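Two complexes, one shared chain (subunit A), two partners (subunit B, subunit C).
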Partner chain A sequence: MEQAAEIEEIIGSLARIAECPSDYAADWESRTGGKVVGILPMNFPAEIVHAAGALPVIVQEDDAAISYGRSLLHEFYCGYTRSLVDQAATGKLACYDGIFLVDHCVALLGAVDAIRFELPDTPVFLAQFTASMDETTTRPQIAGRIGELRQRLEELCGEPITDDAIHRSIAAYNRNRGLLRRVYEMRRAGRIALSGRQMQALVKSAMVMDVEEHSARMARLLSLLEAQPPAPSAKVKLHLSGHFCHAPRPELFDMIESCDVTVVDDDIYTGYRFISTDVPDHADPVEALTGWYFARNNNVPCSTRAQKTVDWESYLGQALENTGAQGVIVLVPKFCEPHMLYYPELRKEFHRRGIPHLLIETEHEGLALEMLKTRVEALVEVIRRPAVIREPA
Partner chain B sequence: MSVTTESANHGPGAPRPAPRANRLVSTRAGGEMVRNYWDNLFTARERGATVVWYNGAAINPILQAAGVEWCHGEAFGARLAAMHLEEPAQQEGEAYGYINELCSYARTTLGCALLTRKEASRRVEVDQAPGVPDKEVLAARLPPPDLFVNAYAGCSTGQQWDEISYRLFDKQLPFFKVSYPLLWGNKPDAGYLRGEEWDNASKYVAGQLYNLIEFLEHQTGNKFDWEGLRESMHYIKRAAQLRLDALELCKARPTPAVFWDWVASIAPINFLPGNQALVDYFQGVKTEIEQRLEQGVSALPNERYRLAFDGIMNWNKVGWLANKFAEHDAAVVCGRYTHNSFWHEPQLIDEDDPILGMAQHYLLCPFNHSAQNLAEQVLGDCETYGIEGIVFHATRTCRSATNGQLVLAKMAQQRGLQTMFFEGDVADESFYKDEILQSRLEAMLETIDVQRTRLS
Partner chain C sequence: MKSCVMGIDFGSTTAKAVILDLGGRMLASQVAHMGAVSGEGVAAAIAGALDAAGLAQADIGRTVATGYGRRMLDIADRNYTEITCHARGAVAMVPQARVVIDIGGQDSKVIAVDAQGLVMQFTMNDRCAAGTGKFFEVLARAMEIELEDMGALALQAQQSLKISSMCATFAETEVISLLAEGRSKADILGGVHAAVATRTVGLVGRVGRKGPIVMTGGVARNPAAVHYIEKALGEALILPEAPQIAGALGAALIGLDDYRREHREELEGDDALEAQMALDKACVPGCRGVPELAPPPATAPRGNAAALWKRIQSHL
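Up next is the complex of A and B:
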């Protein structure tokens, strides 16, 4: 097969898996006889599920319109949480032997409580991680919660989880993140021309696939990409920011890129935020996973965490300097509290640095792409001809 | 009937319904105490006091014993909304970039922070500042903070909001956060006030409160007044017990007081100092209710329905809603926000060693429970107070108050209770739809009538 065709083929197969995680999970279960555990964004240490011999799958938003879920969660919740509940109410979470989470976004907690009500026979476990990173009591609390997770997963899977197994899982996930980060580096350096849709497929599939299997495909893909000639772009370079927990619709990326734009970097969850940080070395694997929780927020700050010493906006400013991105599109899922609360801080920083930006609110029910396109074009115009207008948002 | 009838607050241009809610008179004293509290706080700077801005749980006894003055952000946001003075703060927030779907408490109070900052930087007395519109004056009057403490249970927004306040003041001020686990119930022994998770969470929060005290001592240079804390908790415990006794009296049919009266008593129990005046206030409320019972005076002239109210308050609409329900002869007898909150388990407080009991009350924030826990409390109250239907306030921008509501409604229906939802918001009037409340309330009351006919 030609290299370009093989690249397409690998990414296409990963995209198909990412689109239908339950098919993949069912197949994996029949191949291995292991348990499949649904885990929820954004801070869950998947390594511990993997070490239990189970398949951790980050439950994705489903494209289906919300139906029965309406009777369990109000319509003024973010699309992700409404979709989760709807999936529970329509039998789409049946492929999971348990649902586990550690995050405390208020909307997510409400959604999971509704799931627990709707699926009384499915184990649903919350090991709530304290979100304030600054107090001395937090670190031992997180370690304790990881210990509880370990115990609960041992019960679910019927086997003790050894330290060695966790270390092996950490190594496997670190390798996988490293492979994905390499693709990101190549995109930033203009070495490859993968589209936003394709980049998303790489990360989303990592969220749902067996890690070794995913890494094998990524390693092959990387060797192919590295053999390709550089792909510098004369288009306007943008950074995509935000969009917690679930993936923006690929059509949105297609539309943005159709406006003479190349996306050089992002900090979205189904993007760089997910792969930014490896689990640090530590003899005690629980300590290592605890360290990861803190290290991630230092690397790519998230407004769902409360930390005095880091700022998302400073991170963004630095990221733009590194990549040469000329502007930012901020993607906020409608009703996402932690993002709405933080957005003005981002905006202030963009103004201070003279960075053009555009705010786009996304919705589960679909996007007015034509209207949004006009706004993206306006942003591109501002970047190309800075004297025109300064504030398209 | 000898009791004065109080008129309601009306939205601009709204038709004025016949005022029929026979509100308690004794709660007016609370209004006065709260007004005095704020007026005093507004002068904190001139008096050289150290000011803490805090959000969430009632940690004011700790702040009092630390020798600082306390400003409860949400309480001020609620006050502005109840006085229909929230607009300047919200406009300031909007100009800063807040989307209107964001928690309106946070939007209002962050707007106040922006206005306060503006005023502080002008270094002029707000009242004498030329060109400051009247309405803006109150929103801008908070004394700038010296410290921040966040202590918000049950809601990630509550915690993140202070993270923003900290940034609005340029990350210059000391800031301490108390974190609360949600009372979720992973284990079979978990439930309201019981189980290993409850014990662990209580200890975890108590530990943080000791750390908070150390932080306050360090920041203020004041030695923490433990005896002062014990004393204020002694008074708060007595006041809380009187409030509970008074609530209990409302099991009577017809009820002598309603939910809206209890809403009027939230501010005093939530953030006023623990002292004899607080005890006297709740003694006064209880006495008035006892007198009403003796004299056969009821909260509604013609109580025909007994309802519960679930959700956080719609502060713009308290008086309006009080009359709306009264017009339909519907006594809202109990509510999660009033009955399952605010030092409502005083037996947990050990006056000699109050920290653990305080931590437990903070955990018992009415929005810090799983739906299962909520059902235990809310449906338990429905039984206690002879409730026939639950009115759910689907608070548009408060996911914390709406978590679990639809599940709770299903559980209530399984027990034969009627349920209805209306949309509104904690501090943003624009989300309130009167027609929806009106039509759904009428439909629910009709169903209750039909149910009664069937049973009779």
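Up next is the complex of A and C:
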């Protein structure tokens, strides 16, 4: 097969899995006889599920319109949590042998309550990770929570999770993240011309697939991409920011890129935020996973964590300097309070640095793409006009 | 080298065309009302402007399109968003303007601009027709009055009624209920305009009051909309003489910049004009705050509208 066609084929197959993780999970279950564990964003150490011999699948937002879930969760919850509950109410979470999470916000906790109500026979376990990163008590608390996770997963899977198994899983996931980061590095350097939709498919599929299988496809994809000629772009270079819990709709990427834009970097959950950080070496695998939790927020800060030594806006400023991105599009899911409340800080920093930017509020029910396109085009026109400090709202 | 440039605003409810000579003087402008993104409407606007200027399409050196239908116009050399073009056109008409309110057929925008008519910041409604020309259209139909008569009738309001829903469809229901309660059309329309004004001021708040505020777009010709927005803002709006053509004028000025830059060597000897345009880039030379139509050249060909119309339509 010709290289370009094989690239398309690999990415296309990963995109199909990312679109329908439950089909993949059912197939994996029938092949292996293992348990499938649904995990919720954002900081869940999937390695520990993998070490238990189960398949960790990050439950994605479903495109379907919210139906029965409406009676379980109010409209003022974010689209992701409403979708989770609707999936529970419509039988789409039946493929999971358990639902596990470590992060919390008001919306996610509400969704978990509704899932428990709707699926009383499904084990649902919250090992709440402390969000105050600077407290001296936080690190031992996180280690304790990971220990609780380990115990609950052992109960669910019926096997002890050994340190060696966790170490092997850490190595497998570190390799997978490294492969994905290499694609990101190539995009930043203008070596490849993968679209936002394609990049999302790579990361989203990593969230739902068996890690070794995903890495095998990624390794082949990388070897093909490395052999391609460079693909420098004369389009306006933008950074996509936000959406730290679930995937923006791919059609949003298509629309943005249709405005003579190339996306060179992002810090979204189904993007660089997810793959930014490897689990550090440590003799004790629980300590290693604890360290990963702290390192993630150092590498790509999140507004849901309270940490004095890092902040999201400084990270963004530095990221733009590194990649040469000329502006930022901030994607805020409607009713995402941690993001909405933090946005003024981002905006101040953009203004201080003279970074053109645009705020797009996304929602489960879809987007007025044509009107949004006018706004993105206006941002592009602002960037291409002479430099003064401009600040599209 | 050609003698003129043209800006076309292919809007959702009207089409506008403006022709400038290479000195930045406005030779003609035309507004055509032909319904939603109408090819016939834009052809009429272009042909009308060409005829008024006594020009043929071949005399146009650069055509820039804006508006919702901007990407549909093959005859345009380039296209820009309404945001960029309204900013440029509004400052050309009103040099002291630093904020532009543009209420168009499908959306409303508030744009902070600099002295050169460049966009500093913008915001727009992006969810529904609330606070747009379409909102007025829907409610005029519900009340069985002509759109053009809405403003005058709203100014006769005696009582302050509150229209609580800003969804055009729900507001229509609310208006029907108020009519059923026996409320006067004038009072209801006053409430409708006040609701739109509140929405608009919300957008101004997002951008910030950076200086004098100018209003463009078709709704600027509605005296009640202006009255209620001024009341909600607590300050007077500046109204250009022809607010509807701001986008087309901005498009024409952007085209003029490009065309003059491209033909810089052929335009040598025009240093004074070049210096003035560099200094006050957005302004139509010699303008006094509103665009003035120069009389068409006496010897120019006339009456080519039908042929041009056909030709333009074939490009749509």
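Simple rule for what comes next: the second predicted complex is superposed on the first by the 389 of 393 C-alpha atoms of A that agree within 3 Å, B and C clash if a C-alpha of one lies under 4 Å from a C-alpha of the other, contacts with A are read in each partner's own complex, and residues count from 1 in each chain.
Note that a contact is a pair of C-beta atoms (placed from the backbone, for glycine too) under 8 Å apart; a residue touches a chain by one contact, two chains touch by 3 or more.
From a predicted model like this one, the values you see are computed outputs, not experimental measurements.
Enquirer: Fit or clash for subunit B plus subunit C once both are placed on subunit A?
Expert: On the shared subunit A, the partners fit.
Enquirer: Of the partners subunit B and subunit C, which touch A:Ala283 in the superposed model: first, second, both, neither?
Expert: A:Ala283: touches no partner chain.
Enquirer: A:Asp113 contacts which: subunit B (first), subunit C (second), both, neither?
Expert: Touch partner of A:Asp113: subunit B, not subunit C.
Enquirer: Of subunit B and subunit C, which one touches more residues of subunit A?
Expert: Between subunit B and subunit C, the winner on subunit A residue contacts is B.
Enquirer: Could you tell me the angle at the CA centre of subunit A between the CA centres of subunit B and subunit C, given to the nearest 10 degrees?
Expert: After superposition on chain A, the angle is 80 degrees.
Enquirer: Touching A:Ala227, do we find subunit B (first), subunit C (second), both, or neither?
Expert: Neither subunit B nor subunit C is touched by A:Ala227.
Enquirer: Would you give the minimum C-alpha distance from subunit B to subunit C, in Å, for the three-chain superposition?
Expert: Nearest C-alpha atoms of the two chains are 6 Å apart.
Enquirer: For subunit A, which residues lie in the overlap of the subunit B contacts and the subunit C contacts?
Expert: In subunit A, positions 361 sit in both the subunit B and subunit C interfaces.
Enquirer: List the residues on subunit A that touch subunit C in their complex, please.
Expert: 361, 368, 370-372, 374-375, 377-378, 381-382, 385-386, 388-393
Enquirer: In the complex, go through subunit A and note every residue touching subunit B.
Expert: Touching subunit B: residues 71-74, 76-77, 104-107, 109-110, 113-114, 116-117, 125-128, 130-132, 134-138, 141, 148, 152, 303-304, 306-308, 311, 332, 334-335, 337-338, 340-345, 347-348, 361 of subunit A.
Enquirer: Where on subunit B is subunit A touching in the complex?
Expert: Against subunit A, subunit B makes touches at 96-99, 101-103, 106, 150, 154-157, 159-164, 166-167, 171, 175-177, 179, 181-182, 184, 186, 204, 207-208, 211, 370-371, 394, 396-397, 399-400, 402-407, 410.
Enquirer: List the residues on subunit C that touch subunit A in their complex, please.
Expert: 68, 80-84, 106-107, 114, 118-127, 206-207
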